[in-house]
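By written order: A, B, C, D and E. Residues from 1 in each chain.
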Amino acid sequence: MARKKVQKIKLPKAFRAKSKLGKAPGAINYVGGRKEQLTKISLLEYTNDSLKTQYPRPLKLKESISNEMTSFCNVVGLAQENIIDGIGKSFNFNNLLLEDVVDTFQRPKIEEFDDHVFGVFKMLYLNQEDLLVVEHMAMVLIEGTVLVFQETEEDVFDGVLNRIEQKFGRIRSRGADYLFFALLDAIVDHYYIVLDEVKDKLELLEEEVYNKPSEETAKRIQLIKKEILRIRKWIFPVKDLVNRLIESEHQLISKDTKLFLKDTLDHCIEINEDLTLYREMSTSLMEMYMTSVSNKMNEVMKVLTVIAAIFIPLTFLAGIYGMNFEYIPELHYQNGYFVLWGVFIAIGIGLLILFKKKGWL
Amino acid sequence: MARKKVQKIKLPKAFRAKSKLGKAPGAINYVGGRKEQLTKISLLEYTNDSLKTQYPRPLKLKESISNEMTSFCNVVGLAQENIIDGIGKSFNFNNLLLEDVVDTFQRPKIEEFDDHVFGVFKMLYLNQEDLLVVEHMAMVLIEGTVLVFQETEEDVFDGVLNRIEQKFGRIRSRGADYLFFALLDAIVDHYYIVLDEVKDKLELLEEEVYNKPSEETAKRIQLIKKEILRIRKWIFPVKDLVNRLIESEHQLISKDTKLFLKDTLDHCIEINEDLTLYREMSTSLMEMYMTSVSNKMNEVMKVLTVIAAIFIPLTFLAGIYGMNFEYIPELHYQNGYFVLWGVFIAIGIGLLILFKKKGWL
Amino acid sequence: MARKKVQKIKLPKAFRAKSKLGKAPGAINYVGGRKEQLTKISLLEYTNDSLKTQYPRPLKLKESISNEMTSFCNVVGLAQENIIDGIGKSFNFNNLLLEDVVDTFQRPKIEEFDDHVFGVFKMLYLNQEDLLVVEHMAMVLIEGTVLVFQETEEDVFDGVLNRIEQKFGRIRSRGADYLFFALLDAIVDHYYIVLDEVKDKLELLEEEVYNKPSEETAKRIQLIKKEILRIRKWIFPVKDLVNRLIESEHQLISKDTKLFLKDTLDHCIEINEDLTLYREMSTSLMEMYMTSVSNKMNEVMKVLTVIAAIFIPLTFLAGIYGMNFEYIPELHYQNGYFVLWGVFIAIGIGLLILFKKKGWL
Amino acid sequence: MARKKVQKIKLPKAFRAKSKLGKAPGAINYVGGRKEQLTKISLLEYTNDSLKTQYPRPLKLKESISNEMTSFCNVVGLAQENIIDGIGKSFNFNNLLLEDVVDTFQRPKIEEFDDHVFGVFKMLYLNQEDLLVVEHMAMVLIEGTVLVFQETEEDVFDGVLNRIEQKFGRIRSRGADYLFFALLDAIVDHYYIVLDEVKDKLELLEEEVYNKPSEETAKRIQLIKKEILRIRKWIFPVKDLVNRLIESEHQLISKDTKLFLKDTLDHCIEINEDLTLYREMSTSLMEMYMTSVSNKMNEVMKVLTVIAAIFIPLTFLAGIYGMNFEYIPELHYQNGYFVLWGVFIAIGIGLLILFKKKGWL
Amino acid sequence: MARKKVQKIKLPKAFRAKSKLGKAPGAINYVGGRKEQLTKISLLEYTNDSLKTQYPRPLKLKESISNEMTSFCNVVGLAQENIIDGIGKSFNFNNLLLEDVVDTFQRPKIEEFDDHVFGVFKMLYLNQEDLLVVEHMAMVLIEGTVLVFQETEEDVFDGVLNRIEQKFGRIRSRGADYLFFALLDAIVDHYYIVLDEVKDKLELLEEEVYNKPSEETAKRIQLIKKEILRIRKWIFPVKDLVNRLIESEHQLISKDTKLFLKDTLDHCIEINEDLTLYREMSTSLMEMYMTSVSNKMNEVMKVLTVIAAIFIPLTFLAGIYGMNFEYIPELHYQNGYFVLWGVFIAIGIGLLILFKKKGWL
């Protein structure tokens, strides 16, 4: 069961090139796999003392946002390109930015504009059936507001929402940049879960390699190696992006929040190191597997050799006394047959001792 | 069929050295393989409102270009060196630049001159028979004009031409530097198609390795590895070149266009990462192939050993009772023959159970 | 016995992600494995002339510290989160710092604040049973005081305490920054012991590979490889941290102490180089192991081939004269049997000489 | 024949250390292998309009050089150390420079002095018998003059001399720095020939590996790998040297010439990339070779197993009916013999079908 | 004989950690293996015109040094820690420096102090029995004086002493910084000898691998690989140190001497490149060894298969006519026996031809 998860992460086949080709740069064109997901908008606003939730219509979104509160505006479902476009236009976002919002192939990135900071990230998490899900998301930090675009309603941000609603921790008393950080931090925290899953699988495979290696084991090791390479593709760039945020002098990001971002940076560094570690571990596993294959072949060969080495000479001896020469003196000895059995047993035991000494038994 | 494509990309044999040796630097000398292609010139000029196409003669090209419109001048066919030279002279290009225009071995490069920006790129695309084609091309950005030199009339730029003609997107309302970017972007977009092709082949090979590996499979994996190395040679430098364009302070490249170039840079980074990924995947495939070869040998060895281990001792036993000793008591037992069959079967079944336990069956 | 130590270093399974998820950043949450350890505080204060030891209660700690003496305050046991929190609050430490104090998954780090310097390190040492122990620890350097948080009372700092008590070396005459350095130096010195252990094991394994390689040997080589990877994870970052301390311009770290830190830096560089060296040595060992497996298989194959090659033809010959044809002239020769023995022996010796020449015997 | 070329490049054995040891730095000491080559000097001088060739005696060289013309002074044969010393002294070169001129072990280098630029390079070319030759050379650029020191009269510079004599290209109209560039460019151009040779061999080996791999093939692959490593040693540093020339602010190198040097830099980058590519190709070849060895062994094993699996059971059966039991009922059946043949054939065909299905035939 | 040298370089076992643990930083504690070597001091002083040798007592050393001459003070034997301490104190050296003087585990380092420059290096050389020796040494450059601390009187500096005594080269006319350089250069020159030794062994091993590979060969290749790793540890850092000296602005190092140091830097770079080259060569050798093992196994398998494939079917045939069926018609044919021999020979020859065609013979 845990096995099947591996195959889940598959890049959609030959899709990127065909869907983009010939399109002008900046065309807003959703290329992901959740095409039926209708776009839903929720707007959560809070100050230290108050909390308000709205579900505004897309074109009313901009004006629904209050200036006095910190706003967390969540746009779920990216398939209705015209709605995304409409929201983007109302906020005066440039077209290339909107293209990245719906381009599920876009690598993680951070871009700073005069009055907003834009980021694209990949959310990795395990769904209810414990399968790995990769979800494209984009965040825009504007004065007092964080706008999130994501493909499905999933639980990566539940912890953050909880903290806002429960007034837990310092999130209610801080501004939009802290919210931006908290969301990013939640995404990175979920990477740990995926890594733990990978580590888990590696440890299962390690046991399998040591105890019952089969060709299936080798395939699974290769699959997890490939999985690590792909996870790495999505997670690796995040470190540099967070670092850039920390070094940025954008007015929307306060010095205080940067202190927290340093913590996130620390996590990103650790995640990248772990990925490298897991990759080397999978290489070691493959090596160990090959070793066990060789050792098994060795064992098989030894059994064959011991049996052949003992019985082939004996068969030869028996063959000799099966010959029909007129005059074979031994055949007429009274105890010839029993003497020969003695010889058979002596040769057999002698060879067994020899092989024992060679360490083949 | 898809197989044969791989062999297509071959560096022309020992050609570079011989064709250049002893020539002065700056000699204009076409060394590509499309020597019969006559040089054809087309000149597409547009403003936001109007569109004009001309086919001027080479020496009239310079004067045919209007100052009020953005001009896209396309020179197809590089074998007629004197024509290239003539065009170059009329634009006052330096000789080294012209050498690079016709030197199909030239690596991708960007060079900035006082009043023009010069770039060499490789176009990779699949032709009508779906075979991979590598085409050398050079672009010059002059005030209001983009001059393109390419070897054959092919469709890499069709999307761009379309957008100009259909007045689709923002291309008509922007200047020559945007056109320069759009062409570069079209080249890079085609790299994705080639990469998709590579990914496709890798996935086919993966299936082959897992299901029916043969020596042919190994050869194909090595071939695709080599193909990846070569594609990398042509694509890899582009990233740095685009980056240099973005950081350049050349007056011909507007800040606006640089924003778009950042997008292209993003694509280049992704393409390079994918190439690295595909390379590691091909290494993994080779490893998996070797594993399956070892496993097969193991299986063969086991069959041999099981058969030999069972029948060699039995044959020995049969040989014993084929001996001609005068006095072999067992031979005279009434049921000796049938008892012996019992022993044969007991030994056989015993060994089978033993091998079953060892996991060899 | 020495063997079992390897398995000791195990990252707690899937723990990090689950224990942190959904918690606000800065939550003080001990995640280590020494949960029953009560928090104990000792306060050692000294000047060049005097020495004083106290065991203050947590909330009295801050006020117990004398301003005229250098104070070494040792907090052992991190499981009582409220006590840690209390101490932290009394010193005005920020929450993220306190989170790192109890987060046993935290990588080594150095952070500079306005009036204190904070560091997290991993202590690696062998306990009384000679098993490897990894212990999380945090140090804070404040004006005149070093505050140490560690999980258990162990002997890494014994040497330093000794030098303070015995007035040995220059430690009594120097300030808190020298104490900070001395503790860090003691941690790094213990890394050498762990490395020596690793080197020791590698040398034992080397002997094993050369003399009596078994499948166990391969597993042990892989285990030590994994161990090196993990030790590296904890030790590797220290070098950069020490370097940052040396380049820091924090007022709490005197130029004199930096001279000593350079020495520690030297040690860190050497330790990292040694780890790299040991890793390459373990790779070489694995290679050597594979070679010896191949060589053994070769030897087995040769024995099989020699025996089969000698006796199979002889058995065939014997089989011929066991045939029941009515007319086989050789059977009636007087000395046929003895001549045939001559032939058997001649063939056997001839083949033995041949194989000797081939170097198979 | 093409094969033997590989062995040609051999570092002279244990020579460097012994020939230099105990010598003061700056001792002029020719350590190359062309000791009988007498030193010959030729002096070619030219302006745009005139051309003059002289063969001055060593001590007259300095005064023979005209101030109005560009001079190309070629010193061939480095074994007569006193002559080299004399020339050096007359130009006021420092001793370390002269040591490098005759030290054939010296790596490629560029050094700038107040009034001259000094460079050491390795010329690689194929001689008349198509064998690879490595030749040490040094160049000094002085105001209006390029002084070349080389070991033998060979044809690397023929193209340049030709262009000077034929007034071909721009060389006659430019100064000594352009000549310096042209010579360097000629050296680099010859690297392409050597690389083409390497590529050629790699392609031959590729064919060999795919069609008729033998142990010789493996040795040849290893040899070419070693050759690539060694060529790399001589070519690799050149890139950085050319780059340093381009960035140099030495008054002797004009901005114009730097433009040409950029072209050479481009070539150096490409050559280095190609070397890396060829190295990876040779690694791939070795891998492919190992694969084919494994596959062959597999094939051999299958043949053995099929034959043994078919005939060993049959022989056992035949052995049974060769036994001498008094009562074996089958022996008395009228058609027992023919029925048994039927059984033999049935078993044989059955096993053949089985192995066919397994894909072993 | 040349073989045994390899084992010579062994890091003393588990020594570093134990000897240093718990010691205060700066403790002067000789940990090397030449404990019986008494400390001897010689003082060689020279100007261009005069030369003077003294053997002062340790405490008189400082005052024995003349201010007008360049002094080369050689302290041999580091085991008498109090003497080293005394000398150090008289020169006002700091304790950490003195610790490094006697700490034979210390990596190569350069440290600049206000009025002296301190360096630690490893001397590698072959002793009279041609065995490799690693010797720890330290040098201090003071105004007008170079102080050398070394473990034994060995010949690395003989060449330099000679040049001073013979007034050979420029050494007598230059100051202490040139002497410092000359000694460093002598150390680096000896590295070449060790490298030549390594190259020599590699070439012997190469021959062995190609002609008579045995398991011993594999062990030797691994040993030399390990040796290269260890030599690298001692030599590798020197490059950066020399570079730092060149870029240093310490008043004791003149611009002139830096010119010479650049030469030494060149040598260091070359040595490092060679070490890398040798390492890759040893990897290639191991690969080649594995290839030859595989090829041998292939050969053995072919012999076994050919013999088994020919004789097993023949034995079966012979077995058939050894059966005791009442009615076997062939047995009664007059020439049955001879016909069967014909069949035997035909089958044998047919299979031989088949195997010949397959290339197995």
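In the analysis below, a residue touches a chain if its C-beta (ideal position, glycine included) is under 8 Å from a C-beta of that chain, and two chains touch if they have at least 3 such contacts.
A quick note: this is a predicted structure, and the numbers were derived from the prediction, not measured.
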Count of contact steps on the shortest path from chain B to chain C: 2
Approximate Å spacing (C-alpha centroids) for the pair chain B, chain E: 43
For chain C paired with chain E, centre-to-centre distance based on mean C-alpha positions, whole Å: 27
Junction residues of chain B, two or more chains touched: 290, 294, 297, 301, 304, 308, 312, 315, 319, 322-324, 328
Going from chain B towards chain D, every chain in order around the ring: B, D, E, C, A
Residue ranges of chain E in contact with chain C within the complex: 11, 13-14, 16-18, 20-27, 94, 96, 106-107, 109, 111, 215, 218-219, 222, 225-226, 229-230, 233, 286, 289-290, 293-294, 296-297, 300-301, 303-304, 307-308, 311-312, 314-315, 318-319, 321-324, 328, 330-332, 334-337, 340
Footprint of chain B on chain D - complex, ascending: 158-159, 162-163, 168-171, 182, 185, 189-190, 192-193, 195-196, 199-200, 203, 210, 259-260, 262-263, 266, 269-270, 273, 277, 280-281, 284, 287-288, 290-292, 294-295, 297-298, 301-302, 304-305, 308-309, 312-313, 315-316, 319-320, 322-329, 360
